[in-house]
Each structure stands twice: as structure tokens, then as C-alpha cells.
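Residue numbering begins at 1 within each chain, and the chains themselves are lettered A, B and C in the order written.
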Amino acid sequence: MASDLLSFAQRITQGAIRVVDLTATLSQEFPTIVLPPEFGQAAPFRIEEISRYDERGPAWYWNNFSVSEHAGTHFDAPIHWISGKDLPNNAVDTIDPRNFIAPASVIDCSKESADPDFVVTVDFIEAWEKKHGRVAAGDWVLLRTDWSKKPFRDYAGMGDDGAHTPGPEPATVKWLVEERDVHGFGTETIGTDYGQAQHFNPPYPAHFYMHGKGRYGLQCLTNLDKLPPKGAVIVSAPLKIKQGSGSPLRVLALVEDGA
Amino acid sequence: MTTRLAYDGVVVCVPVTIPYRRYSVNSAHWWIGRALHELTLGAGIKPKDIDGLIVSSFTVGPDTAVGLTQHFGLTPRWLDHVPMGGASGVIGLRRAARAVQAGDAQFVACVAADTNHVDSFRKTLTSFSRFAQDAVYPYGSGGANASFALITKNYMNQYGATREDFGKLCVAQRDNALAIPFAMMKKKLTLDEYMKARSISDPLHLFDCVMPCAGAEAFLVCREETAKSLGLPAVRILSTIERHNAFPDDPVQYRGGWAMDTDELWQMAGVKPDDVDLLETYDDYPVIVTMQFEDLGFCKKGEGPDFIRGNTFTTDGTFPHNTSGGQLSVGQAGAAGGYLGITEAMRQLAGTPIGKPVRDAKLAVVSGFGMINYDRGLSSGAAVLARA
Amino acid sequence: MTAPLTRPKRKDPLKKTRQPLYPQSIRSRTAQGLTAAAAQGRFELQCCSDCKEIFYPPRDACPKCLSARVPFVPVDNRGTVLAETTIQTSTDPYFRERTPWRAGLTKLDAGPVVLSHLHGDVAEGARVRLDLKLDKGGAPVLIALPEKDTPNMADDPQLREMTCDPKFRRVLITDGRTAVGQAMAKAFSEAGANIVFVGIADPWKPFPGEDMLRKIEKVEIVPLDVTDSESCIEQAEQNGGRIDIVVNTAEHVRPGGVMQRHGLTVAREEMDVRYFGLMRLAQAFGPAMRSRGADGVNSAAAFVNLLSVHALMNWPAYGAYSAAEAACLSAAQCLRAELRPGGVKVVNVFFGPLETEWFQTVPPPKVAPSALAKAVVQALQRGVEDVFVGDIAEDIRARLAVNPKALEREIAG
């Protein structure tokens, strides 16, 4: 057992296993979710220098930063949604850490996602399964739209009736949970839900159904285009915030070289 | 008839001038000390004999006359600080004379001195007076020039005085100063040069303005018998006047305080303007000299320009005036500018001037003016002095 | 005749920048009554309550009857110039490099004779209006202006020293996303500014009026987020040396009180946008502005804060907002002292509710963004530093002057 782990570590060092960074840089410019102005807003990432080898601290450089749990590349815990509020171990500090490492099925809908209103259906995923195999129980389902490559203005997809970004319809999420027993759902866009999901029934099904069943969310991922459809293992451990509903984090994918 | 007490039995003696310097690294205290020393030497007395002291100085701060008593080792029984600028000489003389007359002091030393460091002038200005601080210095001049320019302009508009009129006074004073070795201005001045000189604040040009410098002037006031017993040439005081904030409702100053009290000046003295052999006016600006001609009674108000045109003002002229050159040519050693007319008059009356003598000088008038607080000079004074 | 200002040429980058100087600015305490009047653009002198004598310079007792009841009151500012002089040389370092400089004596119809600066269009014997202005050092001075406005009057060099006229200056409107920001951009463009930089934060978020804003002449959109220190520093690094007037339009208005609010996230935003935003802008742009206060026709001139009048007295329905505005007011007072040595004015513009979305339920009178913008431009043209815009602001100001405690109770309702 131990030598399997050690050889795994060696293979990473030697590059036989690639480490792909699925994380956007946490910066002030990164778009955040915007809710109706009457509601509380997620604070964007902000950073204040404490000192930079100057009179405030001659030999060191360090910062204080502030950010919402749900800004940048971040993890959603079940406690984040009303449907998951009473589940056991539903906060980032109580989730069993085993759940922070899981394989991924990467569903490529990058072409279709040229349309900001593209809706991912069960049929679409079943078609993908025919080519690449069944989405396994305990898999992350990651939606590759290539939207992380867009300039920020297009990435946010803000229109005068809200956001327009690709995402799943309620039936799709329900199916993923009930028929495929997935680990969680991850996207490149802001939010795991379709941009206009407020009009779905239930609204925001990716949150409602996933968290309602104790599953997790990942959003604002990058580099999904560098992952194989199957076989990548995702490492995604959020900060251990007391009763936290989520946190920005470093999401890494481990991929066999040649895969 | 005046009810004022005559100055019988009191005299002024021992005129002292410490030669002026443009800039001095010494303090005002040094200059005052020099003057006091010369007073004692000139009078043949010891410092401890000085039992009365008047001091006038802009740069002796943070001291006033009190601090100077300990500084110079004096133990006076009569002390005054007279910070009234160009009127300090006449006013100091009045104070000292009454003290001696009343027996409150035997020897009153009257000293005016100022040093002139490179930043003295500017520093003096910033704390000159509350009105100057609030309502004058923020308006551009950095000094009194603009205020006197306005007074000059108004006078010229009102009475038709010309720059040539003022120039004539300045040229004559310069001629008088050529015989004074320590005068700041050493070259002859022509009317053409005066007219062409650069403008300071229209209509005032360079030669309308005094040159600040360091220096000291002083004299001693004592009883006539005391001066005689010491063998000192002396000068009698026939009359004096003093006034502050005269004519406050004049929109622009065109007359000084003397105009309120001229009758008293001549009545108390028992002489007339025609009897006067020399006049020492306070000449910070020629327009003020012109006002003194009028307000002291040498001509009527408004006739100053004519009076200037009809007279010559050198020591040997028809109307000897500022016979040592006045501040305009000798320099303004701060508060000493208010005393230099007195020391010059004393020397002329004793027949021992530093410069050229006025023939048979028996009667002199000395006039003081100063303290441009806001828009006008507040203090004025005059004294009629006679050879003893 | 005042020659119109010509558009300044590009600055020679190798020439030393003229450092700011200012006239003597010490004033007696009583004379600060003039400061209070000048700051708000009023003309006031002392008038004896007992004998009605109006006098100047400021005194602590009436020079006619010695009464100590000598308050500052509005007086007739008209007069006639008795004598004028052109100062050609001065021992004062500020004036020394600005000669020729004209000053004169004016007899006011109200009585006193005053020494004042003279506008170039004012001649000896002329009828004039006297104005009380704050000079480059922020100290009160009198200036005699022509009886009626003359062409290019504002371009008189002596007068321009006392104002913050936007003409030919370069302006930064810190937030163009709002109606106020956009109205400000338009107003400054029309007031003759050379460039109007307009800061936009979160460019990925569209905002209403964006197309119109981009079309305004002389507007240049720049990235600027007052909640992001790095953004402010970057913008200052790029443009700080050519910003003469900053108008901080970044706003955050929400109803809610101190106790009557649930949680602190909105309060954090309020303070971050308003109070810390002001601090970020001050730190980023202030130092360069302070060093450019004497830098020619388009010298750095003003830092404008748009403040709720409730910075002066809390309005509990918008209580947390009022408190954040109060923090801004105190910070602005500090900034005013910090920028004064550079001859840069901090202008505080107070207003009541605006005709904007977050004051939607508040009944009129309210101030329209265009009216606010106009008032700001006028304040800069006049050189006043404390401005009250609209009926509510005027009302609060008046009531504060009489009985702040009564106002406290009355506002709370």
C-alpha cells in the first residue's frame, strides 16, 4: 500500500502523472455572482498590502485579503442551499475529507456552448456516455464549455434580464443524482446553474437537487479542455471554515500522461 | 490758549548715531548696547547713572524694555517701551521729558535700534499688527508699499501732485545725504533717474522707498542744570503734540494726526512756521512728507505740490528739510527711523552736524509718523526744538 | 478686457514643476468669520447689534460704541474703487512670482473702506461688487469684481488663483456607472474641461447609460474601482500626473439603520465604497495633486466629495448610510488640511435625497443628478468649499445653525 502511494508521488514528480490546475487566479478583476440589489451580495476578492519591504515592514511582504466563500474558483457545500441545510456533515469543516478526492467525467459541450442559452439535457449526456462510457457513481460531472477562456465581460454573460450562461435543466440534475449517483457538479461558468435558472422549476436545480442530496459543487473552473473525458482524478479540498458554506480553493486534476 | 504744561527746565542732549549697516549679523541688543555705551561716554556718566530708559525696536524680541534692564545691567526707576514706529522718537521724547520734569528720573536714555538680518524684514511683517495680518499682507505687497502706493495715488488724484513733485524731495534729500559717510545711498540722484527707476507698486518707484538697514539712534533727556554741569550742548523743547488713529472716517488717508493739533503745537511753542530754520519729517514715503508740510502748517491742505514747486529743500535751500538725507537716503534702521530726525535736529541746533550745516540754525521742527496698521499710518507726533 | 485663457500647451517633461506657494494665511480668530462666509460663497462683514455700524477689518468690539455684540451678517457688497495700485515687486514669495498684481481701496456702500484684490476689468473710480473668496492658501480675501459680468471674467489670472475653474483642466469622475457620475461627466465636458476621465469598475457588468457616456465629448473611460486599492494605485500611476480635479461620484445608498439592520455585509460595503474609497483615492491621487497646485493654467485644483447632508445629522431611516457619510466628512476635513499646503481645495458638496433609485420612496424635494452636477461645476467656478445643494440640504444647514438637538429629534420623527 505504502509503496503504491510513494510510486504515485514519484510518478507525479517525473511527470507520468500530470497535474492540471483547474483554478482561476483569485484577483480583483474576476467576475462574481451578482444578486438582485435588495439581497446581500457576495464580496469580491480584495487585497490590502500590509507591507512590502518598506517602512511598514522592512524585510517582508504580506497582505490581508477579503473574499466571499463563493468568489472565484470555489467549492459549494450542501449547507449552502436550503435543500441541504439539515443534512449531516454538510459544511466545509464537517465534510469527510475523503470526499475531497474523486474521479471526474468531463462532458464536452464546448461547441454547443457558443450559444449562451445552451441547456444541457439528459439526452446530451447519454449521447456522451455512448462514446465515452457511463458516468460512474461517485464521479464529479464537470461541464466543459470553454467559457473560462472568454474575456470577463463575455464570461459573465450579463444581459438586461440577468445572466445568460450554459447549464443543466432540472431534469438533468435530478437524473445525475438519482440515476448516476454523482459526487457533485462542476462548471467553468459563474455558478453551477444555467444563467436563467431562476425561471426553472425548481429554480436553481443544480443547487437545489445536488445540495439537497448532499452533493457538492465546483464553479469557475479552468482548463477543462486539458482533461480526458474520463480518468482524471480531482483534488478539491476547501478551506476548513467553521460552518462554512463553501470556499475559494485550489482545484487540481491528476491525469495519466498520454490520457 | 493751551493749558498744557511747558517743558521748562528740561533739555535733550548727546545725540548718538551708531553708523548704519545694510545687513548685520548682530542682534538688536548689540545695537542698543552700542547706543547706550555711546550715550554714557558722550554724557560723561556711568551706566548706573541711567535711571530712566525708553526703548523702541522691532527686532529686540522676544525681549521688551524690561528684559533689557537685566541684559545691560541697568536699574532704572522709570521704564517705557515705545513701539510706535516712526513716531517713537517724538513720543519717547515727550514721555522722557515729563518724567524728568516731574523728578521721576534724572537721566532718561532714549534708544531706538534695529538689526537687519537677511530675513528680518519679512519676519517683522508677518507679525506686525492684527489688521495687517488679517487685511493687508494677504493682498500682495508683502509690506507697506502697496498701502502707501494707494495713499499716494489718492493724494495725486485729489490734489494734482505729480511724480516730479515727489522726485524733487527725494533728489534734495539725496544731495543732503552725500555728506553723511554711513548713508546707505551714496550716489547723487537726478530727477531723470528718479522718474525712470523701476516701479515697485504704481505709482511708487524705487526711489520712493526707504532701504531697511541695521542701526541705532539715541539721545539723553535730563534737567537743563544737569546738562550744564556736565558741559553738554543741549536743546530745549518748546512744544510737542501726539495723536493716534486721527480722522478715522477719512476714506483714504490724506492728512495725518498733526492736523488735529497744529494750533496747539505753535501756540505752546510761541513761534510761527516762518520762524523755523529746519524741518525733519518722517519720510517713509514722499507723499507723507508732503502731508507733513501741510498738516504742520507750513502750507494749506492741498497746497503741498505748490509748496514743493516753490521751494528748495537742500541744507542751503529756501526750506532746509531732512538735512541728513532722511531715511530715503540714509536708510531706515527700523525704529531708529523715528529718532534720526531728532538727532539730526539736535546736531544742527548745536552747530555740529555730521553732514552739511544749516546756517544759523536756532529753531527746528521734528515730525514723526508711523504704524500703518491697516490702510493708514496711525501714529503721529511733532516737536518744536530750540537751541538752548 | 480680460484676455480669454488659451488652451495650455503640452507640459515640457524636462522642466521643473513650479512648487506651490500661498499668501500669508494666518488670520485672527475673529477674522475666521470671513473664512466661514467665503467657504460658502457668502459676503458677510461684522455689524454691531447695538448701533448697527458695519466695520472692517474684523474687530472684537464695535469701533463706534464699543459693544461686544458684533456678529458677521450678510451685507451689501457693492462699492466704488477709490484708488488702485499695481504691485510690481513683492517680498512675499507667492506674489513675487505672480506680479504684476493689482490691489485697491474700495468704499463699500455699506460703509467701510476695504483693501482688496482687483479683477483686471476693474478700474479706479469704477462701481464694483466685492466677493469674499478663499485664496490659494484657503484663507479669506476680498476681491473687487466688475459690477456686471464681463466677457471671459473667470479667466482673469488673479481671480483664477482663487477658483477651481474646470476650464482647460483635466477631471477624473471616479464612478461613471451611475446617473450622478454620468451627469457629472456631461457637466464637466460642457464646462470646458480638457479631458474628462470617467472611472468604471467591474467592466464585465453592463450598466445603464453606457452608450451615452462613451459618446460625451472629451470623455475617456478608465478602469477604476474605489474598493480596490491596486486599481486606484494603477490608475494614479498612469494618469495621476494629469488629473487636476477629482470628483468622487462613487456612491452607496441603502436604507436601514444601525440596530435596524440584519448583519454587517451591507455596512461593510458602505464603508468600503465610501470611507475606504475616499481614503484610497486620497492616497493614490492626493500626493501628485498636492505637488501640482501651482502647475500652470491646468494646475491641480480640487478634490470634490459628494456627501449626504446627513453626514452632519444622522437620518435614522438611512442611518448606516448617514454614519458612513459622516466618516467621509471627517476624512474630507483631514484631507482638506493635508492638501492645503499644495493650494488644492477639498470641496464638500452636501445634498439631501437625490432623484436616484435608492431614494425612490423618499418624497420630494429631491435633487436631480443634473442639478447636482451643475452645482458642483458652479462651486468650482466660484471657488467655494462647502456647498449645500437643494432645499433639504439648505434646510438641514439652517436648522443645524440654530439648534442641532432639535434637528436630531425632528429628523428621527
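Keep in mind that, in the parts below, a contact is a pair of C-beta atoms (placed from the backbone, for glycine too) under 8 Å apart; a residue touches a chain by one contact, two chains touch by 3 or more.
None of the values given here were measured: they were computed from a predicted structure.
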Category of the chain touch graph - line, ring, star, complete, other: line
Chain closest to the middle [Cα centroid of all protein chains]: C
Leader among chain pairs (count of C-beta contacts): B-C
Most widely separated chain from subunit B, with each centre as the mean of CA atoms: A
Distance from subunit B to subunit A - Cα centre to Cα centre, in angstrom: 93
Distance from the mean Cα position of subunit C to that of subunit B, given in whole angstrom: 49
Shared interface positions of subunit C, touching two or more other chains: none
Overlap residues in subunit A, where contacts from two or more other chains coincide: none
Subunit C residues within the subunit A interface of the complex: 202-206, 225, 227-231, 263, 265-266, 268-269, 272
Subunit C - residues contacting subunit B, complex: 23-28, 31, 34, 56-58, 63, 82-92, 95-96, 99, 101, 103-105, 107, 113-117, 124, 135, 139, 141
Subunit C partner contacts - residues on subunit B that touch it in the complex: 121-122, 125-126, 130-131, 133-143, 145-147, 149-151, 153-154, 157, 198-204, 248, 251-252, 374-375
Contacting residues of subunit A [partner subunit C, same complex]: 28, 31, 34, 40-41, 43-44, 46-49, 152-153, 155-156, 158-160
